[in-house]
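Have a look at this one before I ask anything.
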Amino acid sequence: MSASDSRELRIVGFLCNWCSYGGADTAGVARFAQPTDLRIIRVPCSGRIDPLFIVRALVNGADGVLVSGCHPRDCHYAEGNFYARRRLETLKRFLDATGIDPARFEYTWVSASEGQRWQHVVTEFTRRIHALGPAPLLRHVSDGAWFDAAAPAAAGPACPCHG
Amino acid sequence: MDRFLAASQLTALADDLAQTGPVLAPIAEGGSVVFRWYRPGMRIELSRMASTSPKAATFPQTEPLLAVRREGEAKTPTVEATLPPRSRTVVLGCRPCGARGKEIFGPVFLGGVHDPYFARRREDALFMAVVCTRPETTCFCTSVGGGPADTVGVDVLLIPVEGGFVARSVTAAGEKVLAHALFAEAGARSAEADAVIAKANAAMPPQDDFRTAPEKLLARFDDKDFWERQSAKCISCGACTYMCPTCYCFNITDDDLGLESRRIRTWDNCMSYLFTLEGSGHNPRPTKAHRLKNRVSHKFSYYPTIHSGTIACCGCGRCIKHCPVGVDIRAIVRAAQEYGG
Amino acid sequence: MRIGVFICHCGSNIAGTVDVRAVAQAAKGFADVVYASDTMYACSEPGQEGIIQAVREHNLDGVVVASCTPRMHEPTFRRTVERAGLNRYCFEMANIREHVSWIGKDTERNTIKATELVRMAVEKLRRNRPLTPKRFDVTKRVLVVGGGVAGIQAALDCAEGGQEVVLVEREQSIGGKMAKLDKTFPTIDCSSCVLGPKMVDVAQHPKITLHTMAEVESVSGYVGNFQVTIRKKARFVDWEKCTGCGLCMEKCPSRKAPDPFNEYLCTAPTINIPFPQAIPKKAAINPETCIMKQKGKCGLCAKICPVKCIDFDQQDELVTVDVGAIVVATGYDLFDWHKYPQYGQGRYPDVITSLQYERLLSASGPTGGHIKRPSDGKEPKTVVFIQCVGSRDRSVDRPYCSGFCCMYTAKQAILTKDHIPDSQSYVFYMDIRSPGKAYDEFTRRAMEEYGAQYVRGRVAMIYPKGDQLIVRGADTLAGTQVEVAADLVVLAVGVEAARGAAVLGEKLRVVPDQYGFFVESHPKLRPVETNTAGVFLAGACQGPKDIPASVAQGSAAAAKVLALLVKDQLESDPQVSRVTPARCVGCGKCVQTCPFGAIKLVEDRFGNPKAEVVETVCQGCGICTVTCPQGAIQLEHFTDNQILAEVQALCPPRIRVNYAS
Amino acid sequence: MVEALKTAIAERLADLEMVIGWEMGFDALHATPLFIREEGDLHRLTLGPLAVHNLATYLPGLKGKKVGVVVKGCDSRSVIQLANEGLIKREDITVFGLCCDGVISHRKLREALPADLGFVEQATWHSDRLQAVVAGHAVEVRLQDILADKCISCRYPNALAADVLVGAARTPAPQPVPCQDAFDALPQAEKLAFWEATMARCIRCYACRNACPLCVCRDHCIATTRDPLWLGQENSPAENFMFQMIHVLHLAGRCTECGECERSCPVDIPLLLLRRSMNRVTEELFDYQAGTTPGQTPPLLTFQVEEARINERGW
Amino acid sequence: MNQNPYLPELATLVEVIEETPNIKTFRVVLDDEEKMRNFTFRPGQVGQLSVFGVGESTFVINSSPTRMDYLQFSVMRVGEVTTRLHQLQAGDKVGVRAPLGNGFPVEDMRGKNIVFIGGGIGMAPLRTLFLYMLDNRADFGDITLLYGARTPVDMTYKAELPEWLGRSDVRTVLTVDAEYPGWEHRVGLIPNVLLDLAPSPENAVAVTCGPPIMIKFTLQALKKLGFEDDQIITTLEKRMKCGVGLCGRCNIGTKYVCVDGPVFTYAQLKALPSEL
């Protein structure tokens, strides 16, 4: 796949400890080869994943964010992924308004036994992110502190209605 | 010295000045007019007062103070002051009140203690202020010592005349700028400019007399009811302080970047609960009444008391005009003055 | 902080595709890292000693081990750092085996990835704080829910282990499904002869309190400290007094009460003791059919009762007990075979379930142990057994194998021949699954010694012809259609989760799987634990099981309970949520979303509502932390700042430290 | 209408610590919140297209007090939502509801006038027309031309769950908001560029936050805390944008679209573009409009085992 | 001061002493040897300690200018910076901005009888002056130290207490709020013990520091004993950032605690607006 040929992109994964992290372990134990771009952050439950973690990662320049939890009804904490599903779906549908490509964020469910599924998810998501290319980055430097004449004009393309 | 700048040359002047150093100018953007670091292509708008103040020229919202690096296996830190690079900074098209605002900083930042960041920016800044020909409903510069053609803190006064501006130098640095080729002879326009100034002064509403404010406000210090009523509609945001040309409260925070860290100074807001919250959980200014009291009293009582009567307010009216709920600082001071006779 | 980083080779498992020395070298450059090295096997004794030594030598107060998955060795290394004198939470792991070396072959990329994972772990560790578990007292009593063979075994083992046991059974007698069986495979020994003595032991054991006709009403609390309310249903007989003499049963004029013990093959007296070996051997009145309860007159039983134990006004009674652990042994129920159109959906009285057949075989059953078919009481000569009715069938959402039907069908075929030597049994099957000790031999005996005809294939339909039932099916081995004229058809109905399991699961916070069986903590390594600490599983409530497996699980659950209750105090996991009261606005969003009821609103000394976490109940999921907009409730060890530090380690903000230079 | 309201307030004032309404502010184009404590304050009460403020914003800060509040239809949703979230006690609040004809957008008014608002000399309303003298020029502006965007799309002009309802009920006639449609039509990359440019002028004064009736963390907002440390203090476009993300996500399923955030912004950042987009999502997903039904649970504080409108994405 | 007021001196922690479960004492030496040699300060002045990447916090220098082997700060763990300080060990680097503030009016106190009344962590600012006076013992009259804490566990400077108790030229009295196993000193709240000791206000100055509630009742007790407002000195604590009177947090009316304080007489405090 193209993912392994080109430059690595920055993909952050948030995985629940009980299912998906285990699923990624299972994939590892089974030596299911995967692209190397993804870095996994382990959390106890998908219900612990604040959508703002995802936004923070994207604002900080992540090219993709992948969240995975237990399948609905299989949550170790009974309800965590039900809350997560609402939060994550809300974020995903909202992202378009921010100008961040919603395709850069995905969430899914992988159980501890689904090593193969995990391999598939990682491979597909990485492929998708590589197809999108590096994410455009918001400026992290304020104008006021130092004036950098070389910096692009702050006034970018305007909203047609707001001038 | 008087020179003339054709209205049509304003952009050219900005473009040219921006080649050799930062230019801060009121820019029309998204329906708003705000001070921005000018880059060619931006539209300078002088017909109305910018909602933000030009204080970023001397006191930017974010000022990096220190950089700390840990290097080598021992990771011994080295600390370095990150002073702003030296370069002439022009504030083009502020109002006289905006230029006056930064003068409030002087006695504090260059008084008992010398703040090298402010000092350097102050030294490098050149203020070209436009005379106000007509007061807004929120303007009260004349009540706090200023005026529509006030020259305090101004290097060049731009006086609107037919077809452009008479550029009148106030300081030597200002005079130097006027040598720029885009300026023409002022000639007879100087007289026109004088008339504009006279008319502008005459157009100002009657002055408030705030001389008794310091003692009257202090006398109200313990009047909880007074301050609760005055602050009832305040929503404790920072629009007033961040718009204000004279507000200088700041925060200092560290950003941890692993081996590197930095310490930055950012505008802070005395209307915020966290501003004075102590580690123990105690807060000397726990309610918005306490905080509004401190804000108003600082400007109209404490500061004048410490600094020989100067009111820490330039009368630009931004805090009134842009307050989401229309808190009017003039009315509060008047109320304190009138209270109890 | 002074952090030490240890990069494990794991032999060549990691070192094969990760340059571990380079990772260690890079780690030396990370913030607060004062020591970094690579080690052959971090988890080995010398590996662990190396960590301890480095902690002491370099005065470390935090340790990162980059090796395998934390799901494997996090507990190991936590103990290691604890031995080195550190708090066990001042430790982080980077998974560079399962997530790096085993899934990619590119050494260069793997090394970069491993390095970043280590940096991430370091950045998190820099924000860790020492956590200490809270200790709390344990109630030394166990609740066993369900009095089948698994529950009985668990109760007896716990009681023998010295713990007080409260056994709750929904039916009037304990014994469960096994009490209904005639014989058991593969030994053909009498079921009640095996089970009976155990039931008596339960009744007589001084440590066991038995509540039958009772259900768990509510459960609160947490491991070591559950409060359980039990609803004892009105039985209209004072069991303190009832001697079980059975006089009332004989005289009761209303004899049309349904008889669940006999699988509704017959009716029972309204005041009844379900079977002679019932424990407790006490009578109970079915108010639905009781003339006194329905019409207000009769009372014959009360008149003749020698001990005057009849009490028509008896009400349900709620009993509350404190227990430290709970064993769930609620068993199974049979699949509702009426869903299948091909078996007549109940139109043919001579199509019965295997459990009904057990009652026909049983000497204590409605026919006194003589096989008589329900329709006309005739002795059947041709009996057709149909297997996998509600097992291994996706069309009825029962894709799983019920496990023991093959065996009991073989047993019933054998018993049929024993009872009626001139009979012929046919068994329609899909596959024969008999992987147990002496099991396969047993099915062979049914075929070879007892002449049962095994037909591999599904039955397509059953229809009556005369007084017989024509069973038509396929013989997939012969590739032909078969038709058998049967006198009796016995369906080997599959098992499913017990009625009410879902409701009980909610009360106990034990999650059912998609078919309603309770989910164990780990399918291999924690088969009788659940994800709710202190709640254990035994028997078929976790999945289909035969008797020996159920008994084994009962004992296993008991062993877990005993291991728990032997402690006077327990430690609660300190990875729980913590409220900063100064930042809490008391909006109660966390309370609303906590799945465990672990957060309550309390008033501070100014009367402001504040959230408070019951540390022992909190399971550490962190749902509340996300719910709280002001970040006032933080899940320890997974705080916002810790996770943000990991995010920032991977995606550093592009701010500049010094613009001027 | 204002007289009827005054009568209604006068009748109940004795039982209330205060009633929050509007009075005229520092000039003829600005109203300002009025805290009516005694009958003598009542004559200052004003209504109309300048009564832009959502006074429900003050209610959480007055928790525990018996307070009356005058609300437009949109504002009344905030009251309901606050009560639904237990942030105020509904029984402590007396809601004086209005049937609202819409309020102005000061920004649109500014664009409609020959000079800046600050140069107004006089202004009077003649039903739905504003006659004003600005910088010496006499002008007339129609309300419908300067109507706030939220009024264009208003679905609830009449106050909901009001204890007293004043005025004649209006039939809602929601229209699409042109500027939202224009924004939605932008290509994604341009949206991001738009926010980057726009956020560059944000000064992080938090007026949007503090004016928001549902932003009840206020003193404890994670934008300014160190633990948790969500936000750097540098006012870069990225951090300013991140703050707006915090705001919008914390309001997901709670925002009543009163528009106070956008109205309060001193540098005219069109924050409602984000709010409306989010509200559209939560309505799509959960069939939920915040603050329209007393007793409703906000959608992100609950769940359904089977979500009717969330499709599991296949992989 | 014409140097950058925000620029801290690099310094090394030479010793960390665990005083109580939530208070640690840090001994700090400036890395620049010359600056350390020339470092001077007045008792009662404060310093800002930096943990780089985390932030700065203000603490009183509680060592004495007469003993300049190191600068000493005692830190109670309450917030982000203090928590991170508590994680540091000897050898670690910090930043120091000191001295800041006014310090005690030592000159005015010469020849007077001194009564120290300290509660809990409030002993820290008293310690510097107390040691200073011990080292200049002849300049001062009778010295009484009353130091109290909730329990013996919460008492700071435990290592030094025996020496102070053993000295014949000062009267040291320790108290805890309630009986505690093994406690051999006084039991009782500080104001009550103070009334019991009844130091004379004659030619005396009382120096007190402690939690607000203790200060409140101690002031009442001192008044009862006849101390005038200008005979009572205390030091204030405020949230500070810049430490040089700019950032706008710590003012009480026109006075900036970081510059005009933290030491005030009770008479001075009474003249200020009531915004403690």
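As written, the chain order gives the labels A, B, C, D and E, with residue 1 at the start of each chain.
As a convention for this text, a residue touches a chain if its C-beta (ideal position, glycine included) is under 8 Å from a C-beta of that chain, and two chains touch if they have at least 3 such contacts.
Just so we're clear, the structure is a prediction, and the values are computed from it rather than from any experiment.
*Asks:* Which chains does chain A share as contact partners with chain D?
*Replies:* Under the touch definition, chain A and chain D have B, C as mutual neighbours.
*Asks:* Looking at the contacts, which chains touch chain B and chain C alike?
*Replies:* A, D, E
*Asks:* Between A-C and D-E, which chain pair shares more contacting C-beta pairs?
*Replies:* Pair with the higher count of C-beta contacts: A-C.
*Asks:* Going by the average position of its CA atoms, which chain sits the greatest distance from chain E?
*Replies:* So the farthest one, by centre of C-alpha atoms, is C.
*Asks:* Per-chain C-alpha centres versus the global one: which chain is nearest?
*Replies:* Nearest to the common C-alpha centre lies chain A.
*Asks:* Round to the nearest whole Å and give the separation of the Cα centres of chain C and chain E.
*Replies:* 62
*Asks:* Where the centres are mean C-alpha positions, what is the separation of chain A from chain B, in Å?
*Replies:* Measuring from centre to centre gives 42 Å for this pair.
*Asks:* Just how far, in Å, is the C-alpha centre of chain E from the one of chain A?
*Replies:* Comparing mean C-alpha positions, chain E is 51 Å from chain A.
*Asks:* What residues in chain A touch two or more of the other chains?
*Replies:* In chain A, the residues touching two or more other chains are 51, 56, 60, 73, 79, 83, 87, 137, 140-146, 154-155, 158-159, 162.
*Asks:* Give me the residue numbers in chain E that touch at least two other chains, ranges are fine.
*Replies:* Where chain E meets two or more other chains at a single residue, that happens at 53, 55, 79.
*Asks:* For chain C, what residues touch not just one other chain but two or more?
*Replies:* 31, 582, 593, 627, 640, 644, 652-655, 659-660
*Asks:* Go through the chains and record each pair that touches.
*Replies:* A-B, A-C, A-D, B-C, B-D, B-E, C-D, C-E, D-E
*Asks:* Name, in rising order, each residue of chain A that touches chain D in their complex.
*Replies:* Answer in residue numbers: 51-52, 55-56, 59-60, 72-73, 79, 82-83, 85-87, 89-91, 93-94, 96-101, 106, 108-109, 117, 120-121, 124, 136-145, 154-162.
*Asks:* Report the residues of chain E in contact with chain B in the complex, numbered from low to high.
*Replies:* Within the complex, chain E contacts chain B at residues 1-2, 4-8, 10, 50, 52-57, 78-79, 82, 93, 95, 212, 237-239, 241-242, 244-254, 259, 273-276.
*Asks:* Which of the residues in chain B come into contact with chain C in the complex?
*Replies:* 64, 67-70, 73, 75, 80, 82-85, 255-262, 281
*Asks:* In the complex of these two chains, what residues of chain E are touching chain C?
*Replies:* Chain E residues touching chain C: 53, 83, 87, 89.
*Asks:* Which part of chain A faces chain B closely enough to touch in the complex?
*Replies:* 142-147, 149, 151, 153-155, 158-159, 162-163
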